[in-house]
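Each of the next two complexes has chain A plus one other chain: chain B in the first, chain C in the second.
On to the complex of A and B.
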């Protein structure tokens, strides 16, 4: 029997949700002002309407939920999940008013895809979308990315990976609010520097690629944010392929990697801490996995006959591998070609890349390199136990910030998430096959993993004409993946306890 | 480095901010240069196979 949350706990959750919606509303107002200055009255009006709703609802909620209570682990994860849903509903309003979505559920899907930095899209005629509205999708990616890192470090990673037992109950009662505030500032500084420097370099690359005028700035902002947040939205239907520029693709690689690198590593590098980077389990697993998958994808590309030359192998194979592994979703090949021309081996490699994902405490999704490493270490320790004499004590260690002893809890928690991801993806793929008779099993699995790992890589099967149930299913996977499943389960438990819990 | 310490400070007091940001960006550039170089060699090797 669950305990019914008290009034203060509900208020602290609602207060945090109100703040999130308020801040996103203010950011939306900022973009509306820029749209107005640029003479785009329609976009400005649509953005202002959405922003007014956000600011109004956020302010009203905060006025009526005053409490001195601070967030705990439980209320924190419930507030995070609820905030994502509330911000999605707010952000869907301007998108729907833009007229580029076939229905309101499509606009909700797009907003959720942006805020979860997934990048799957249902937009229609993106090539003729007003720049302000197109950039709004990137504002959503940026907001979602910052929130992901902060929530990841303070609630998810901090709760499930730093404690020796990987048990959230260890930190459940800890007050996290002061650290959240500080974390926002620290993450903001790193993000501003990455995006700022990235924008300058990207603008230069776009100039070389032949982009001129204001488009340099608009496309520069779009590509930089899309890559650094591992989001994957683009301003054109051809994504990165539109620019026909190897230079643009090369500049995007460090930006995508910056998004997939743990904030802990960013912070350590800023502090000038010198430590053997190659000892970090996450770095080792990520680099090894990227190498192995790049081999698979390139061999698959060669074998399928799609291409066997050096430059196309490098540009298509490596870029797509990194885009999938960092869960970014940008593409320089027509998505449909992945399913029709790339054979089976290369897309299978990309599915594995998306499933592994980036590092913990980054904007990347997927299982995360740390967990893959922990499962591998656990397996190796079990094999050693079998091979060594019965009396031998097997102690396995791993480096994550510092050297740690591998415990059963680490492996169990990681393996549980792997199992959830696999079962959910298989279940979702079955549902996709049931709902959309035009896709095959490979395409269904690709799309299910893409949504669950917040990648946004696509084989071109997702269209606005798909049934609402299919879009809702992908949307649910994006939300579950972003909040690493447990947070959403905890929120459902919280809601159940609010209704049926013991007083 | 001691894992994600939410209370830890980002800044070193003895170095200017631009230097700290440069060190942060340096990490990403070194990582990407390594990935791109290995990817290039890999593309060369695979292209010789086909």
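On to the complex of A and C.
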């Protein structure tokens, strides 16, 4: 029997949600001011309306839910899920008012895609979108990415990656608030440095590519945030392909990798600590997976004949693989060509890349390299157990920050998440086939995994004219994937307990 | 088990919150529907020449240098094509000489000997103009990467409230253009095979005054709530 949450627990959740909406509202006000300075009154007004709603609702909520109670694991995950939903509703208002979305649900989808750093889009005529409104989508990516890292490090990783089971009993009573505050500051400093350095280098690359004037700054901000947050939105319909520049793509690759690398490693580098990278299970798995999948994608491309010579094959294959593996979703070829010209092997490799994803405690989505590694280690230990004499004791270890003993719970929780991802993606692909008769099985699977892994890679089948149920399904997958499933399940349980729980 | 009665104040607050939410939704709906309209005229694109051969198959072939060269030598010009056709069937269009009409978008990326352009041929480019001016939704954008050799005509790219220069290009489709790192491109045959069909146009759309006024009112309301919150905090 679930216990009904008390008033203080509900208030601490609402207070956190209010703070999240307030902060996003303030950030939106900043962009509205920039739009006004640039003379774009309509975009400034649309952004100001959304910002006012955020600031007003956030402040009002905080004013009426004042409590000295601190977040616990349970109230923390519920607050995280609710904040994502509340921020999505707030952020969708300026997008809806921009006139680039045929309906309010489309604007909600776009806001959710940005805040979950997915990058799937339902925008119409983005090539004529006002720069301020286009950049707003990147503000959403940045906000979502920062929140993802903090929530991932303080709530989700502990519960779903390294605890002995999916039940986060070992951490749920811990008061997490002080660590969250410290984490926000540190994440902010590292993000500002990464984006700042990235912007300078990217601007130079864009100048070489032939971009001129204010566009250098606007496109530089867009590409840098999109890559470093593994978001994937772009200013033009041709994404990175618009620039026809190998240099721009070369600058983007380390930014995408930075987004997919665990914040723990960023923090170590930031503090000048020496980190035995090669011993880290996540690093090993990520590098091995990226290499293997890049080879598969390039073999597939070679077979399809889509890129001709070796250099083009390498350039298109490697960039797309890294974009998929880091779950960024930027593309240097038209997305439709993945379905019509790349054959079957290369897109299959990209599906595998998106499913594996990046590292825990990063902005990347997917199953995460650590969990893939844990499943692999568990499998290897089982094989050894079968081969060795019955009396032999098999002890497997792995390095994640420090050397740890592999327990059944590690493997079980990772395998459970893998199973959830696969079942959800297969279910979603079946729903796509049912709802959209123009899509084939390969395309449906590609899109389902893309949404569930927050990748945003697309084969050009997601359109604004798709049924609302299909868009809602993709949206749900994006939210579930971003919060690593467990947080959403916990929130549903919290809501159920609020209504039917025992007092 | 007894339930604590809900206070009249709580009911009142919830009712006010519901009314505010409904008012916000209605306001946003009205603002969207009352946006000023400005639709640009259709671009009179050249109709496809009925004598030009059409590509009717989408048969995939693996590259073969000798065969490809023969195919290039024997190729007959294809008429007006759309970017959607090419993207759905890139192999069938490889090395074909085609005519393509579209709006220049974003930036003209000047390089040695010419420039790269993104040229869209979707409905926003050729029929209804930029979406900001009207509520006629026609889906996403669609276009091709086009290489124009120098000397370039005077081009103004489309963006925001501007429909860019609409050009007609006679060129060759490259399924994998080595000069572009393997991208799908359309290379104009020469500078002479590029013509301007329509100069760039501004939408000249008036500012959405109602939205601007609403923004000011919403901002004032947010400021009032913030002040009230600060006052109650300082009282505590």
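Going forward, the second predicted complex is superposed on the first by the 493 of 503 C-alpha atoms of A that agree within 3 Å, B and C clash if a C-alpha of one lies under 4 Å from a C-alpha of the other, contacts with A are read in each partner's own complex, and residues count from 1 in each chain.
The working rule: contacts are C-beta pairs under 8 Å (C-beta built on N, C-alpha and C of every residue); 3 or more make two chains touch, one makes a residue touch a chain.
None of the values given here were measured: they were computed from a predicted structure.
Contacts of A:308 after superposition: both chain B and chain C are touched. When chain B and chain C are set side by side, the one touching more residues of chain A is C. Within the superposed three-chain model, A:214 lies out of touch with both chain B and chain C [touch as defined at top]. Legend: residue contacts after superposition of the two complexes on their common chain; A:236 is shown touching chain C, with no touch to chain B. Looking at the shared chain after the overlay, A:496 reaches neither chain B nor chain C.
Using the contact criterion defined above for the overlaid structures, shared-chain residue A:197 touches chain B, although it does not reach chain C. By the touch criterion stated above, A:273 is placed in contact with chain B alone, chain C being left untouched. By the touch criterion defined above, A:434 lies against neither chain B nor chain C after alignment on the C-alpha atoms of chain A. Comparing which residues of chain A touch chain B with which touch chain C, the overlap comprises 303, 308-309, 311, 313. Of all the residues in chain A, the ones that touch chain B in their complex are 153-154, 157-158, 162, 176, 178-180, 182-183, 186, 189-190, 193-194, 197, 250, 253-254, 257-258, 261, 263-273, 275, 277, 287, 290-291, 294-295, 298-299, 301-303, 308-311, 313-314, 317-318, 321-322, 361, 400-402.
Residue ranges on chain B touching chain A, taken from their complex, read 1-4, 6-12, 15, 19-21, 23-29, 31-32, 34-36, 38-40, 42-44, 46-47, 49-50. Within the complex formed with chain A, the chain C residues making contact are 1, 13, 24, 28, 31-32, 35, 60-63, 87-91, 105-111, 115-116, 118, 120, 122, 124, 130-132, 135, 137-143, 145, 158-163, 175-176, 178, 180-184, 207-208, 211-212, 214-216, 218-219, 221-222, 225-226, 228-229, 232-233, 236.
Chain A contributes residues 25, 32, 40-42, 44-46, 48-49, 51-53, 55-56, 59-60, 62-64, 66, 93, 96-100, 102, 123-131, 209-212, 215, 235-238, 241-246, 303-309, 311-313, 315-316, 332-334, 336-337, 340-341, 460, 463-465, 503 to its touches with chain C in the complex.
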